[in-house]
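Heads up, the next two complexes both have chain A, just with different partners, chain B and then chain C.
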Partner chain A sequence: MAEIKSVIGTQNKKGQTYTDTWKMMNEAPRTPSFFTGSEVIKEALRRASCDVMIAYPITPQSEAAALIGELFAEGYIGDYFRGESEFAVMSQCAGSAFGGARVFTTTAGPGTMRAMENFPMWAGARLPIQMIVTCRGINSPLSIQPDTLEIAYLLNTGMLVWHAETAQDFFDWILKGYMVSEEPDVHLPLALCCDGFFVTHTKDVVNLTPADMCLPPYDPYRSPVPCMDMECPPVRMMRDPFVMKSNYISYATHASWQQEIWAAVERSRKHSIHWLNGLIDTENMDADIVIVASGTAVSQGREAIRLLEDEGVRCGLVKVKTLRPWPEEEIREATKNAKHIFVPEFNVTGWLAKEIRATVPNHQRVHAGPHVCGGMTMPPEIIVSEIKTALGMKTFSLAGRGS
Partner chain B sequence: MSKERIQISEALYDIMPSDYQDLVKSATYGKEDRGWKDIGTSKELIEQHSLCAGCPESMAFRYILASLPNPEDTVMVGSTGCTSLVFPMVAVHNIHSLFGNQNAIASGLKRALSVRFPGRVKDVVVLAGDGATVDIGLDMTLQAWFRQEKFTTICFDNELYANTGGQESGLMQKGFVAKMAPVGKLFDKVRLPEIARESGCHYVVNCTVSKPSLVEKVIRNAVHIAREIGPTYLQLYTPCILEIGKNSMEGLQEMRDSEKPTERFAYKEYVSEPAKQLLAELAAKDKERKAAAKQLAAQAQAN
Partner chain C sequence: MSDYRVLPGPEHFLPPAAASMGIRLPNPGEAHINGVIVSEEAAYEEAARQFLMAKVPTIFPGPLVLWAWNEKAAKKATAIRHLFNTLKECVQPGQKPMLIPMPDYRPKYPKINPEIEINPNHPNLTIWHNKIDCCVFIGVHCHQANLSLKIIRGGTSCYTIAMCAQAGHEDAMLSIRDTSVEKIMRLADTIKRLKGTVQPRQASA
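Presenting the complex of A and B:
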């Protein structure tokens, strides 16, 4: 910590001032800018004091990954290169993080799936890598369209998983994400997810922090496990390697380490609440009907609430910001008076609804839907229709729904 | 790093494990001219290991760790297999992450160390089996070479998957009958040394580990060239005596038999032009240093 404090107020080679992150995010003046989500990722990285970024092309994250290359060319990133596949890229990210670097990468859909073996390894090795996931379809036949199914696969890796709704979330959470990830009692990778295209390829007004301020650098010696740089004693790590041993000590060691990873996910809760101002946001909590959603389904839910209000139906909203740590208590509290809970999602299986059903009492209150997938948009009208149908109200028929 | 970084607080000395105390007392971090001859007179950077009795891989490990020119600033990267049973007992920082991704890990690691320690030497050395290097990890092995990543790749070639029980691998000889090759392997041993040369490696050696002095020489060359110029590759025959039906004491003879001029592990070496130049410069410096030392010794004797 002493080392970090000492650099606050000093300048990096680009003339940016290392700034206390809380002040930078909460007190520094903000400039409204009209940017695409990809450009916002670049602007966040400009301020992130990132050591290594590793890129690979896959729609819809290619633009962001290439824009960060421009940052490298301008001297804002320590090193940058294109890997040969997502599996390799995520391993290269691991190598850099093992070596004590602050690491950033981006991926999407099939890329996330190809790289999957790396993610539990990242968590197990306590590597605080940040990975942007711009969700897209992972089904066959091939699709490049928005679809959030891949998030379901990330939920049990031991990574922190956050789901951004807007480009503004994205900008703030990239920077705040490192603060949570790099806490010594957390020290875990973060999958910062968004809905591809809807967030990456649309323009929005985003309030940016000053470009001449940047995060304090990562201090790898605050890690709970040794940094692999031969700057600390290379004692042997164990008397006998645990791998493949069939004995109780081996099982107990693996079991306790797995428990420690998940305990670290839990410990990230207090830091996430601090930085994100809570794990969920709520609106109209006195309503009988509540929409619980994450990502851009939140925006669509908000529109549906406005439409329903016109018809005299009052409806509440829970925006789930962090999927890991899972805001169990918060969701239970926010929905305790709700008679109906609707969970609109951009995927075919309804993984968020399943999580919520496992969280709230009287889970028959949870209506899993509406679901769209394969790149379909979710007009607020179909959320309205789903709600009205469940309430026994008359609703118009939506084209293509077969009703 | 020299030995200062591993010094033990006096108050804690007596409760430290004896192998750590030995490292402080007599390991060879920071020693110029360290090499295989230190074995037996100094603390080795490998503690006990759980390999089979007589396994040539254990010899290879000892020679390599004794020969690294700069262990105090070297990070090693391993992969899954018999080597991963040894690395936890090696007194050099080392990474195991997944099976086959060792050259990707090393690429990221080397770049991070270059960003974090500009102007300082931090060597990265990959050591993995033939399954990891040539089969499951071939893509990442080659791509690291294409990108001219500055680290050494060592392949312990035992011509099969030893740790999972002797299955066919890409470096297995054609015709060898093994698990998953029930009628004998149907295609030739992959010619990775030639592929390494074509892929941009600046130093490629194919040999056995029967002679410690030879291992020392090729390790030093490979690490120095990787540090200054670009990727290097060593393919070392470390037969799995268990899976080829040999006894514990027969590993050395197996290697000697396989390195005869007509055999598949006859010494083969490729050195690129820039690497040749570097080796010549290093040899000249070495000669100068030895001459100076000799002169100093002669003077001391005269006095």
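Presenting the complex of A and C:
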């Protein structure tokens, strides 16, 4: 840390001052700005002391990727180029991170799926790459509309997975995310997800930190594995992998290696709590009915709570900020008095509800829904309707078929 | 707080990572023993005691302190040599301190020479061969140290200590974090101070 501390207060080539991240995020003045989510990604990157950004176009992240190209032209990013495909991009990100760079990329939907082989490799190689995932539909027939199914595939890669609700979350978490994922006891990639279009293409007021302050640079010498070295793992592992050796030692080493990745996810818990002020946010925790959600489903849940209050139904809210590390104890504590737990989601399978069912006692309390997918919006009224139906209250149909 | 305790093995066919069992790393200024957070002072005392009790107390210096690849590494290597010399001066007849490097992390095929090195992919071979019953890792990259510590806990009864330059190691039985030259010297001083007050144990690995 001494090397990092020594640059605090000095300036980079753009005249930005390397600033203690805690002070920058929590004490520096903020300027309200009216931006799209894509523009917010650009503004966060301006302050991230990022060495390499690698881009490939896929809706709805293309605009953010292009805007970061402008940052490169302005001199804020060390290097920037377009890969040949998402798979190539993620492989090139790995190469850059192996070399000791702070790396950033963005992807979405089928791009995430196409690149999937790389994500467990990133985690296994302990590469603290940050990847923005602007979620969209992944299945045929193709859709570019919001859908969070791809997050389910990321949950077991060994990456940290956070789910932003708003553009403000996005701005703050991009910067804080590097602080967590670059800790030497963590040192894992971060998939920072949001619901595409809802966050990326809508404008919101976002409070930005001063543009003349930036994160301290990444220090690769704190890495838990050596930087690029063709004679040492993890590079050597890829040339001479354990899988090529059929003996007990190889299996045991690989098993221990896998355990270490998930141990690092666990270690991120302490740092994530520190930087995000907890893994979950809660409201009205004395209520019998609790909505547990992540991403923009939280916003819709909040509005549903307001509508229900008008009808005399009190309802609580749990906003899940980190999916990995999974806030198991926090969710259990927050829902311990709930008689009904509702999990609204923007995907067809209900992966969040499954996680919550596996977490809380008396899991029959968990109502997996409402679900929308394929780009449908989630009017708060359908959450209200789901809750009222479960409570045996009279409700109306939103589909216009009469009630 | 977790009920799990990080104890000498052999623990299991595949022992769990201590972090996955709820063991948390110490904050700056703290250390841990068996997964319980303690003061650094208590950790120095216990580390010294374990070394003086062991039949084959062994130091495993890793690549971060070998090869004199920068000035700090060279200074740490000198301090580690001082620690080893102190250990040799303080043990009783019948005890056999060793200094065995972990020069790199390549799996050694077809077989490691356990008399001259240790490797994170099969550290148990070096522990078994030399009957090492207490060891300290210094200057090993954190990921590789944790690989080793879990495998040692799984298949041997060796007491493991990790002096880490970063955040510490919950997979060791005892860990000190933010290790500097001064902290290595402090451990040597503690061993010297406890000389003659601790009886060596008879058991072997």
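FYI, the second predicted complex is superposed on the first by the 386 of 403 C-alpha atoms of A that agree within 3 Å, B and C clash if a C-alpha of one lies under 4 Å from a C-alpha of the other, contacts with A are read in each partner's own complex, and residues count from 1 in each chain.
What we mean here is this: contacts are C-beta pairs under 8 Å (C-beta built on N, C-alpha and C of every residue); 3 or more make two chains touch, one makes a residue touch a chain.
For clarity, every value in this text was computed on a predicted model and none was experimentally measured.
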- Touched partner set for A:Trp22, first chain B, second chain C, both or neither: neither
- Query: Touching A:Pro184, do we find chain B (first), chain C (second), both, or neither?
  - Reply: second
- Query: So, A:Pro226: does it touch chain B (first), chain C (second), both, or neither?
  - Reply: both
- Task: Examine A:Thr253 and indicate which partner it touches, taking first as chain B and second as chain C; both and neither are also allowed.
- Result: second
- Quick one: classify A:Gly99 as touching chain B (first), chain C (second), both or neither. first
- Now for A:Ser85: first (chain B), second (chain C), both, or neither, which partner does it touch? first
- Message: Looking at A:Ala263, would you say it contacts chain B, chain C, both, or neither? Reply first, second, both or neither.
- Response: second
- Item | Larger contact residue set on chain A - chain B or chain C | B
- Looking at the overlay, what does A:Phe396 touch: chain B (first), chain C (second), both, or neither? neither
- Query: Which positions of chain A sit in both the chain B and the chain C interface?
  - Reply: 226, 231-233, 236, 240
- Sites on chain B touched by chain A in the complex: 1, 5-6, 19-20, 23, 47, 50, 72-75, 77, 80, 84-95, 97-98, 101, 104-117, 122, 139-140, 143, 147
- Within their complex, chain A touches chain B through residues 51-52, 54, 78-79, 81, 83-85, 87-89, 91-101, 103, 117-118, 121, 125, 226, 228-241, 243
- Could you please specify the touching residues of chain C with respect to chain A in the complex? 14, 16-20, 24-25, 63, 104-107, 109, 120-122, 141-144, 146-147, 150-151, 154, 166-168, 170-171
- Message: Please output the residues of chain A touching chain C within their complex, sorted ascending.
- Response: 126, 183-185, 187, 222-226, 231-233, 236, 240, 242, 245, 249-250, 252-253, 255-257, 259-260, 262-264, 266-267, 270
